[in-house]
Amino acid sequence: MPEQPEVSIRNLSKSFDGIEVLRDVDLEVKSGEVVSILGSSGSGKSTLLRCINWLETPDRGEIRINGERIGLQDKTQKPMSRRELAKVRTQLGMVFQSFNLWPHLNVLRNVTEALIYVQGLKKSDAVERAMAFLHKVGMAEKAASYPATLSGGQKQRVAIARALAMQPKVMLFDEPTSALDPELVGEVLSVMKDLSSEGYTMIIVTHEMDFARNVSDQVVFLEKGIIIEKSAPEIFFHSPRSERVRRFLELDKVV
Amino acid sequence: MPEQPEVSIRNLSKSFDGIEVLRDVDLEVKSGEVVSILGSSGSGKSTLLRCINWLETPDRGEIRINGERIGLQDKTQKPMSRRELAKVRTQLGMVFQSFNLWPHLNVLRNVTEALIYVQGLKKSDAVERAMAFLHKVGMAEKAASYPATLSGGQKQRVAIARALAMQPKVMLFDEPTSALDPELVGEVLSVMKDLSSEGYTMIIVTHEMDFARNVSDQVVFLEKGIIIEKSAPEIFFHSPRSERVRRFLELDKVV
Amino acid sequence: MSNWEILWASRDVFWQGFGNTLTIFSISAVLSFLLGSLLLFSMEGVRPRLKIPLRIFIDAMRMLPFLILAYLFYYGLPSVGIRMTAWQAGVLALVLYHGAYFAEILRGSRITLSSGQEEAAIAQGFSRPTMFLRIILPQLVLRTRGVMGNQLIILLKDTAFLVIITVRELTAAANSLSSTYFIPMEAFIVVIGFYWMISLALEQGIRFLGRIGEKRGFNNA
Amino acid sequence: DLPEVEERGYLRVATEDNYAPFNFMSGNDPDGFIADVLVELEAYADFEIRQEILPWTGLLAAVSNGQYDAAITGASVSDERLRVFNYAPPFASAQHFYIKRADDDSINSIADLDGKTVGVQAGSVLLSRLPELEAMLEESGGSLGTVMEYEAYPEIYADLANGRLDYVINSAVPVNDLINERGDIFAAGQAVSGPGFVAWPVPKNSPELLTYLTDFMAHLRDSGRLKELQEVWFGESFDDLPTTPITSVAEFHEMAGM
Amino acid sequence: MDGNAWGLLLQGAWTTAWISGVSILLGVFLGLVVALLRLAKIPFLDQLLGAYISLARATPLVTLILFIFLSGPTLGINLNRSTAAIMALTLNTTAFNAEIWRSAFNNFSKEQREAAMAVGMTPWVYFRRIMLPQTVITSLPNLVNEMSFLVKGSPAIAVIGIVDLTRVTNRISAVTYDPLPPILAAGALYMAMIGLLVWGQRIAERKANRLAM
């Protein structure tokens, strides 16, 4: 019996206002694997990520987390209740492209909120765990600040700490390092590497080629909602099958 | 008589809640020059940029655009009226880290609004110019869309077009390419290169080393609100004076 | 006796009226805020079928004069066998009526809340009620504080309508004193003084919310 | 005062619109006892009468404030109002009677009111003269029950009809009118106070106008028109009313036997 | 109730409608002006307007109307009744609307303002082109709430002798001793008037739902 994939996406399609943004996307991510998703702006990367945890309802297709169907009841094909959805989602962590911090809560409480009210941790345990992750991203001394007073990179780091602190099985990152300086990219990366060695599965949308090259087990290239390349990073970056990817990579070098 | 600098910053200091975020910053930018500002997250880069067009009021210091004082009346040291401020600001264009598009206006009108109501262009001229810049950033076919339906990179490109269309003397960019894929980074870059050859002066906050290396005439490194290195890119990237910068650059290579 | 002396001699009547007004107001304010929040939450679509009836209820309350509502509860319901005391009918009418308004105020702010924050909460596995209570409602309260102030003051003044259903609150006290002794101006100055005191206290509370909001970047003007 | 009025050429009077049978509206026109009296006054006076219709709430305030020269309405005389107003000679009795539900057999005399719930208008003369009823009840070994105060009579009648109240107190004229209209539901009982009067309030600083109105009342009485109008509108004539103006509490108490 | 009574009710409804309508228009506009003046934080004027809002919100309408009507002649101004009524309603609703506008401006996105400043918009252009179009929509539920309170509070104007809808109801029930039918009829008319406003709000909201970002 082959190993069951942690995340399996089959035949996923999604359109907005009649325009197809994702078309028949298939993807399997094994446990502990890190997958990078590349593609030009507007190619559907964020949409794909948002479909995985059903923030966006796909038009067609099937998504399973650990064999468990998300979004639709397996037998009846009826939509899941929100409670059921929430349960499946606790296995998925997500860092958003636009951070989405909660402005009325300070940095610490942005991280502890879900620990306390979703995972049911005691307050002191939640604070302890939150501080540990805030340390990891270098935001411990801003624990009492409110989001409105943070710099872009600081917000992003808090958003990362918030998602990591939930310790989900699968982490979805939407450009997690876009607002970070090289030093922090390195730090966040090492946190993510730790996670992957701890058995976390990760799907990462990114524009940073080096990042994708060094961390991923699989690189996926999206173009107008279609996966046109899906391979190991050695192959992807050195001998891509598609002309399109070759052009994409070349441009990167020129910059 | 030495050439008058386009932007001159003297002794600029700014603190938030008693914590000094900028300390005695001095910077001169000559006409047509491109200055990159590097530094780790939270070092005060965005704050410096925001002080330059007085979106943030500095505690001390003096800023001149083309010899003209911004923020304070030259003679009386009294704060400028908002109308006077608006006038000086027309010389400055700014692209924000968080895009800041106006949600009630579609892409085209986001660009034309200031052309019509600040520069007083006729509507047809404004539309023509706006479309030209939207073309440059590859957003012409989304002209009728509303910001809420755009992807992160698309929003950023509109924000860039909006600032460029005003054809200001000095452009301030806060991480203009952080949400862009390499292809677009290339495109935006070439737009910016064009601008610099057209005589625009630019101050760019960025995390992309290559970008800074290839485009700038001057690279500035901020650390905890102090400029600790300010030099030509060849010197900055090959033989920086400060140990701190060397460490910063090394980390970049590791990634 | 001068008019002011007459009023001073009847201060007990005023104090009692003031006490009643304050009690009715506090109970109704708390309950109608809770009702408003509950209405908003129920309209968020846990059961889509609830949405339209609730919408109709809210709009009906906004269209119906409060006096008529109070009148129907107190004088109309006995004819179908439901008999409430004046206080029960008064508080119930205030709560239903202003609850609908609170719901509309919160809803107005709700639709401008960035959906990203909600998504972040959903992605973290928050249940709907918890998310509403911990993420959404606190922000709505901070954002609508000015309008809430309006609403609370209107609620305060609406308690005066309960004179018609025999609740002896502040306005009733003034009415009866002024028509007994015919000292309208002085009696009403005293009443306005009392109402103003309560609304100044409310404004103070709103200002306190404002300071909380300011620290969190909710005050941008 | 009167000289001013004559100089001006018209008298400004305030009347009401929802106090049948004194003042009410037939369509857009004032009707009732007062409307007919005003016709007489118009004929009697050598100045014009300008009538303004106000609700009771603001009416006395506007008169005492000088916006109007007199309130030509059905106002009951009371100690407190006499501080601010004089009254022209009364034209109707304001003796108080109780009203009960027509089908309520438990009340047949004043003694039966013992301990029962009574409704009465807040701040009214009726309320201030309740002690008289209390004294009557105590005489028969009973006591006054709960007193519920209302803003207006329509609500009081509604609560009497639906059983929240056992009886209601109102003065002679409105009681007659109510029984006329809704005799099927309500029934009138005995008097629960000494005599009372309905008259026109005139500001204390207009003594000449008071004299003028006193003369006018005498003219009405002598011509027999007053009796006619009383019978038309009140269903009875009040023949033993005082014929002098009421200007002080002492006078009033003496007339009312208080 | 006969046809005659209905005729009277409709006349009363028209009085209520036009006086409320004028006051609503004035109040929304003046509220905006007051809110803007308060945002400018001009010393003294700011405190003055703050005190006005505080007092005007706390004063019952009846008292305000009586006060204006009765003190007018003392101050040598002879107000006709409708003017006095409109003045009182406007003074009252302006205070509430000012807070509604102010709240909307306070909640308005800081980022959008900065983007406008950065392209050199003057405060006025920013206000007119960026802020107002969005705050009109976001304040609409609250403005319509306040309009509904104004219409419902308008019976207070009867105290100075204006024959509005409620007054007509009282007149009718004073004769018939049966208040319920005219009250219900008047209630229906009030609901129709306010319903029109609520309906307008829904339409406008549907057109502008893209503002949610």
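Going in written order, the chains are labelled A, B, C, D and E, and every chain counts its residues from 1.
As a convention for this text, a residue touches a chain if its C-beta (ideal position, glycine included) is under 8 Å from a C-beta of that chain, and two chains touch if they have at least 3 such contacts.
Remember, predicted model here, so these are calculated numbers, not experimental data.
Colleague: When you check each chain against chain B and chain C, which touch both of them?
Modeller: Under the touch definition, chain B and chain C have A, E as mutual neighbours.
Colleague: Which other chains touch chain B while also touching chain E?
Modeller: Under the touch definition, chain B and chain E have no mutual neighbours whatsoever.
Colleague: From the C-alpha centres, identify the chain that is farthest from chain B.
Modeller: Comparing chain centres, D lies farthest from chain B.
Colleague: Please tell me whether A-C or C-E has the greater number of C-beta pairs in contact.
Modeller: C-E
Colleague: What is the chain whose Cα centre is as far as it gets from that of chain E?
Modeller: Checked the centroid distances; the maximum from chain E is A.
Colleague: Once you find the CA centre of chain B and the CA centre of chain D, what distance in Å lies between them?
Modeller: 82
Colleague: Determine the centre-to-centre distance between chain A and chain E, using the mean Cα coordinates as centres, and give it in whole Å.
Modeller: Chain centroid spacing, chain A to chain E, equals 50 Å.
Colleague: What's the distance between the Cα centroids of chain D and chain E, rounded to whole Å?
Modeller: The separation of the two C-alpha centroids amounts to 38 Å.
Colleague: Among all residues of chain C, which ones touch two or more of the remaining chains?
Modeller: Each of 114, 184, 217-218 in chain C touches at least two other chains.
Colleague: Mind pulling the chain E residues that touch 2 or more other chains?
Modeller: 66, 211-213
Colleague: Which positions in chain B touch two or more other chains at once?
Modeller: Residue numbers touching two or more other chains: 98.
Colleague: Can you give me every chain pair that touches, using the contact definition above?
Modeller: Result of the pairwise touch check is A-B, A-C, B-E, C-D, C-E, D-E.
Colleague: If we count contacts the way the header does, which residues on chain A are in touch with chain C in the complex?
Modeller: Touch list, chain A to chain C: 50, 53, 55, 82-83, 86-87, 89-90, 92-94, 96, 98-104, 113-114, 117-118, 146-149, 159, 162-163, 166.
Colleague: Residue numbers of chain D touching chain C in their complex, please.
Modeller: Residue positions touching the partner: 60-61, 64, 78, 80-81, 83-85, 122-124, 127-128, 148-152, 155, 158-159, 162-164.
Colleague: Which residues of chain E touch chain D in their complex?
Modeller: 4, 8, 11, 62, 66, 69-70, 73, 158-161, 163, 167, 170-171, 173-177, 179
Colleague: What part of chain E is in contact with chain B in the complex they form?
Modeller: Interface residues on chain E, with respect to chain B: 111-112, 114-123, 125, 129-130, 133-134, 137, 208, 210-213.
Colleague: Enumerate the contact residues on chain C facing chain D in the complex.
Modeller: 75, 78-79, 83, 163-166, 168, 172, 175-182, 184-185
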